[in-house]
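Look at the two complexes coming up: chain A is in both, with chain B in one and chain C in the other.
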Partner chain A sequence: MRRLLLILRDPGAAAGMLWLGLLIAAALAAPWISPHDPLKVDLLGVLQPPSATHWLGTDDLGRDVLSRLLHGAAPSLFSSIGAVALGMLIGLPFGLIAGYLGGWVDAAISRGIDALLSFPTILLAVGIAAVLGTSLTNAVIAIGIAFSPGFARLARARTLAVKQELYVDAARAAGAGAWWLLTRHVLPNAVTPVIVQAGLLLGTALLAEASLSFLGLGVQPPQASWGGMLARALLYLERAPDLMIAPGVALLLTALAFNSLGETARRWLDPR
Partner chain B sequence: MSTAFGATRLGRRATLASLLAGGLVSGAAAQEARRGGTLRAVIDANPSSLDPHVGGQGGDHAVLSTLYDRLVDYDPATLAPRPSLATAWRFESPTQLVLELRQGVTFHDGETFDAAAVKANFAHMMTNPRSTVRADIASVAEVEVAAPHVVVLKLRQPDTTLPMIFTDRAGMMSSPKALAERGENYGRNPVGTGAMQFVRWTDAAEIVVQRNPRYWKPGEPLLDGIVMPIITDTTTGLRSVRAGQNHISLNADAQQIPGLRRASDVTVSVQDTFRLQQCYINFSKPPLNDIRLRQALNFAIDRVAYARVVLGGVGAPADLHVPKGLWAYDAEAASKYPYDPDRAKRLIAEAGFGPGQLTINASYASNQLNAQRIEILSAFLDRVGVKLTSTTGTLTATLQTWRDGVGDIRLANWTGRPDPALTYQLLLHPSSAFNIGRAVPSPELIEAIAASRTVESLDERRVAMARVLRLEREFALTLPLAFEPEITALSRRVRNYVTNLAGRPRFEQVWLAA
Partner chain C sequence: MLTRRRSRVIRHRVAQAVPTLILVSLVSFLILHIGPGDPALLLAGEFPTEESIAEIRQLYGFDRPIWEQYLSWVGQLLRGDLGLSLQSREPVMDLILNRLPNTLLIVCYAMVIAFVVGSVLGIAAAARRGSLVDRVATGVATIADALPYFWLAMLMVSVLALDWQLFPATGAVRFLEDPLGAIWTATLPAIALSISGIAQITRQLRAAMIEVLASPFVRTLRAKGLSPAAILWRHGLKNVGVTLLTVVGLVFSGKIGGTLLTETVFAIPGTGSALIQAAINKDYFVVQGIILMLAVLVFLVNLVVDLLYAVLDPRVE
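Presenting the complex of A and B:
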């Protein structure tokens, strides 16, 4: 409790939490709190500046920017959480097995990890998304796969350290099987840095999803997404540069908030 | 300001620009032309080949037009044919076309341009396994040298579109000696009769050409040479013109015009072309094998609003594949489908679909421009109770699945052909790859297209083409949307840049002010 209070006293962390809280609430309530239908096209009212009717103006097809921003929050938030969770789900077991078993299993898994890590994360995600086909689910899968080697390597490194510990030897001496050792002794002690890494990667995942939608590989039109809104705004950079601002600021603040969340998790879980 | 057709406009700042000889000319016409200087014209793609009969990319034309003359040239504003390497042509019988060739023309390698050279070029087009123009000249059975400067084309069936076909790739003549000697490498080392001769091509970097000292047109070219830097991102290309590094940047996007107009040292040329944004329709399978549903789609789209949003106030809505300025334009065919959502709804109901029951799947290559177009179409179709779903991915992937029968419509441009009869032949004939389901759209229409290629005078052809256009609209076999303009950014030093309805950039009359 004392640690939580300490963290909340940090203005950056508190602001990050507040923003994320608001955003999750807004994403869930978007269908009820949006002032307009985010898909409603009005070709007579395109590229309007902010007004009492359209607080953030209208886009290239006359759709309300605020409503699209609110509706775009859910895919952005939940896809980044989903992608990181998937990355952990794939990476963690491989890392644990490689670290625990060692030998040729470790060598095989580690070479696989090295191969995947040799690609820049976004490029790998773009490649996977292009193969899987264009949809939000596939974008999440692509980013998750692209993140998994990072998790695997981290988990492997921790496992290598933890399995040398005396209590693991003691458990093994007491007759514990590999499964028991892995799940009861190694995993709980190896998972902390992975969780911290997950918190820090949420921001990257958010931007990765935005990048894929920006490239047309993520959320498909006419559904709203922040990356898609940015991509469209780029077409109108000369005519309506303000279209960039709303999705850009939303992405920036959310990425910052996720980063501060990761940082907070690190301080929360790190006993030092 | 008179216009080439429809809504040709120049940039607000391009007040110096004027129209000469029907074509759109940019630069001060009153000033005397200056000889010399090297033009730097940015192109946005590495050419597919500089052999005109082998390449197949629209962007190649900017380079090809400097190196090659065509057998037949065209008026830039109306595309009416006019003499070039062929000084005259006549159909001696419906299946015999005689071309009289210009004398005193030599290729860049010193070879003489004559009937034998033309025959060799036809052999290259008809027999080269990589030829991309074989379909264009499919009606030519045999080429005969009748005199040193007269060739006779013997045709399989009457085909009066040939003179117009010779204004395009098929009319560009290469040196037979170079073709024979260089073989497959000819496309990297081309030899034509054009105003400029080839110097070098550095892949994805630049193409350099220089003045042809033996050029047959007196006084041309004015430029010493042209450097064509290859910059695939048009925004970067435009910036290089604004920065003074280059003189011309081709293929700007309509949404980039406001920024260009703000730049004080750049003028913008906007020329309407016959390049068409449209949806292909797979009329071979349900639901769009039902004529009522195809007609409903055509009634459901407000093309004026579509063009206004997509092309930002330039370009023109398209009711046909033929733009207003072209000789074949037919007002009756063009007026067939005004925006009428109520009629669309009635037709859909007649076809047995209640509101929300009809779903159309659109295939398109994933990019923001296409996404925007699909969103607009989706909004209009929604108003008549039709749900639009999409199949999207890379250009290659979606083209493949479209060919495999995925999708009811496909959003993609039609680059246009100099002769509209060829456009309809390629789009609708069951033997053409563009007719995706290979279904016969209507025997009467197929017959009308063939008939339009048997008459010769422009008046007769206009009547014959009107029948084709009206039948195509009657059966609503495509969904035309808007004609894309050719948007070019020009440094203020560039004078006499003449654009054309074909949307093919040509630099032969350009000169640079001091």
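Presenting the complex of A and C:
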């Protein structure tokens, strides 16, 4: 608890937590606090500058930018968390098994990890999203799969180190089976750096989801998403350059907050 | 000269590379087959009929066992055949080779920017640890890490290209036809693409340099009366050189991934924008071919880095 207070004294971490807290509240309350319907088209009031009725102006179809920004918060936030969790769920077991069993199983899984790591994250995600079909769920699955080899490699390295520890030998000598050893001894001691890694990847996942939605491979219009808003802004770059400001700043601040949160988790869990 | 131990390390790395490369091709092949349905159904387009599906299934051999399909795909691949685009009927290999120079230009350009800026920031921050310079460098790295680079690209187009007309807003110039024009046109895309690399290199180099400067041999050099500048440039740089080498692979992979969006924002006819177009149009052979070629490129760069590492790092002995 005292350590938590010390961390909160770090202005960066405190600001990050505050922003994320506000954002989660805004994401959950979006249907009630949005000043307008985010899908309501008003062709007589397109590309309006900020005003008393439209605080952040309107987009190319006359939709309220602030309302779309608020409704875009939920897909961004929850898909980043979902993608990282999925990557961990897929990668962790493979890493544990490879590190624990060794031999040809390890060789096979390790080569598989190497091969998947040859694919840049976003490249793999685009390929998977293209085949699965374009939707937010599929984008989350695609990013999760693309993250999994990194998690597997980390879990494998940790498992190899933990396996050497005396207490694992002792448990094995006492007659513990492989499943017991893995779940009771190896996993709890190998999982910390994996969780730290997960925290540090949240920002990457956020930008990856925004990228896919920007490219038209994530959240489908007319549903609001920050990446999708930037895609519309790109079409109107000459006529209405202001359209890109709000979603871009929202993405930047959220990525900063995620990264500072991840960094805080790292310092907390992994004091090295 | 390479010692026997070094050449053994190198042989081992190359031998390990072969199965990995085969797996890279397998992953690219399987991407078409991970979908919930039949690949023939994916290829049949908007209004599939029983006959058209059966025809496609036979045409592409989807009725054969999957390992047989993979082997014949690899056989074609070795002859340089990646199939035809479903949209334009153009050979996928031609499409890639046509567009790859544009991609490589902005990727290499971005690598140069990232390494120059990242090295300067990282070394300056380590040399003056805790100073204003250090805080600026760390701040730049923090923001660069969180900055959506496609948004930065849009900001640059809006201000530098459309408002001030300093750079062309979109497109690409063929390097071989007009090298200077090509580099000039590629400048904004390369800057946008270099951002995450700048963050990675600054951070890694700062940490590595701080470690070197705190090590006992540097203390000895200092006691000997060597100036801080000489220590930094002569001894420090030599020791962080290997760190720089190990980030090359990581940064290159990030740049190849980043070109998908960068090329899309700047409307550059490269492999990245072609992949996105193909993914949206469900032109699966183009998607498969480009993913394979870009992954092989990343893989080869990493292999070369590994081999250089084995040659250069005295600790391999």
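Simple rule for what comes next: the second predicted complex is superposed on the first by the 270 of 272 C-alpha atoms of A that agree within 3 Å, B and C clash if a C-alpha of one lies under 4 Å from a C-alpha of the other, contacts with A are read in each partner's own complex, and residues count from 1 in each chain.
Operating definition for what follows: contacts are C-beta pairs under 8 Å (C-beta built on N, C-alpha and C of every residue); 3 or more make two chains touch, one makes a residue touch a chain.
The model shown is predicted, which means the values in this text are computed figures rather than measured ones.
Student: Just chain B (first), just chain C (second), both, or neither: which does A:Ser80 touch?
Tutor: In the superposed model, A:Ser80 contacts neither chain B nor chain C.
Student: Using the superposition on chain A described above, determine whether A:Gly112 touches chain B (first), chain C (second), both, or neither.
Tutor: second
Student: Counting only touches as set out at the top, which of chain B and chain C does A:Val46 meet: first, second, both, neither?
Tutor: Only chain B is touched by A:Val46; chain C is not.
Student: Mind working out whether A:Gly203 is in touch with chain B, chain C, both or neither, as first, second, both or neither?
Tutor: second
Student: Of the two partners chain B and chain C, indicate the one touching more residues belonging to chain A.
Tutor: Larger number of chain A residues touched: C.
Student: Kindly classify A:Ala255 by the partners it touches after superposition: chain B alone (first), chain C alone (second), both, or neither?
Tutor: second
Student: Mind working out whether A:Leu217 is in touch with chain B, chain C, both or neither, as first, second, both or neither?
Tutor: It touches chain B and chain C both.
Student: Now for A:Glu238: first (chain B), second (chain C), both, or neither, which partner does it touch?
Tutor: both
Student: Which of the two partners, first being chain B and second being chain C, lies in contact with A:Thr159: first, second, both, or neither?
Tutor: neither
Student: Quick one: classify A:Thr121 as touching chain B (first), chain C (second), both or neither.
Tutor: second
Student: For chain A, which residues belong to both interfaces, chain B and chain C?
Tutor: 130, 133-134, 216-217, 234, 237-238
Student: Under the definition above, what is the set of chain A residues touching chain B in their complex?
Tutor: Touching chain B: residues 41, 43-44, 46, 60-61, 130, 133-134, 216-217, 220-222, 228, 231-232, 234-239 of chain A.
Student: Using the touch definition up top, name the residues of chain B that touch chain A in the complex.
Tutor: Touch residues, chain B against chain A: 253, 255-260, 262, 302, 305-306, 308-309, 312, 366-369, 371-372, 374-376, 378-379, 390, 392-394.
Student: Which residues of chain C touch chain A in their complex?
Tutor: 16, 19-21, 23-24, 26-28, 31-32, 34-36, 42, 142-143, 145-148, 150-151, 154-155, 157-158, 162, 253-254, 256-258, 260-261, 264-265, 275-276, 278-280, 282, 284, 287-288, 291, 294-296, 298-299, 302
Student: If you look only at chain A, which of its residues touch chain C in the complex?
Tutor: 111-112, 114-116, 118-124, 126-134, 203, 207, 210-211, 214-217, 230, 233-234, 237-238, 241, 244, 247-248, 251-252, 255-256, 258-259
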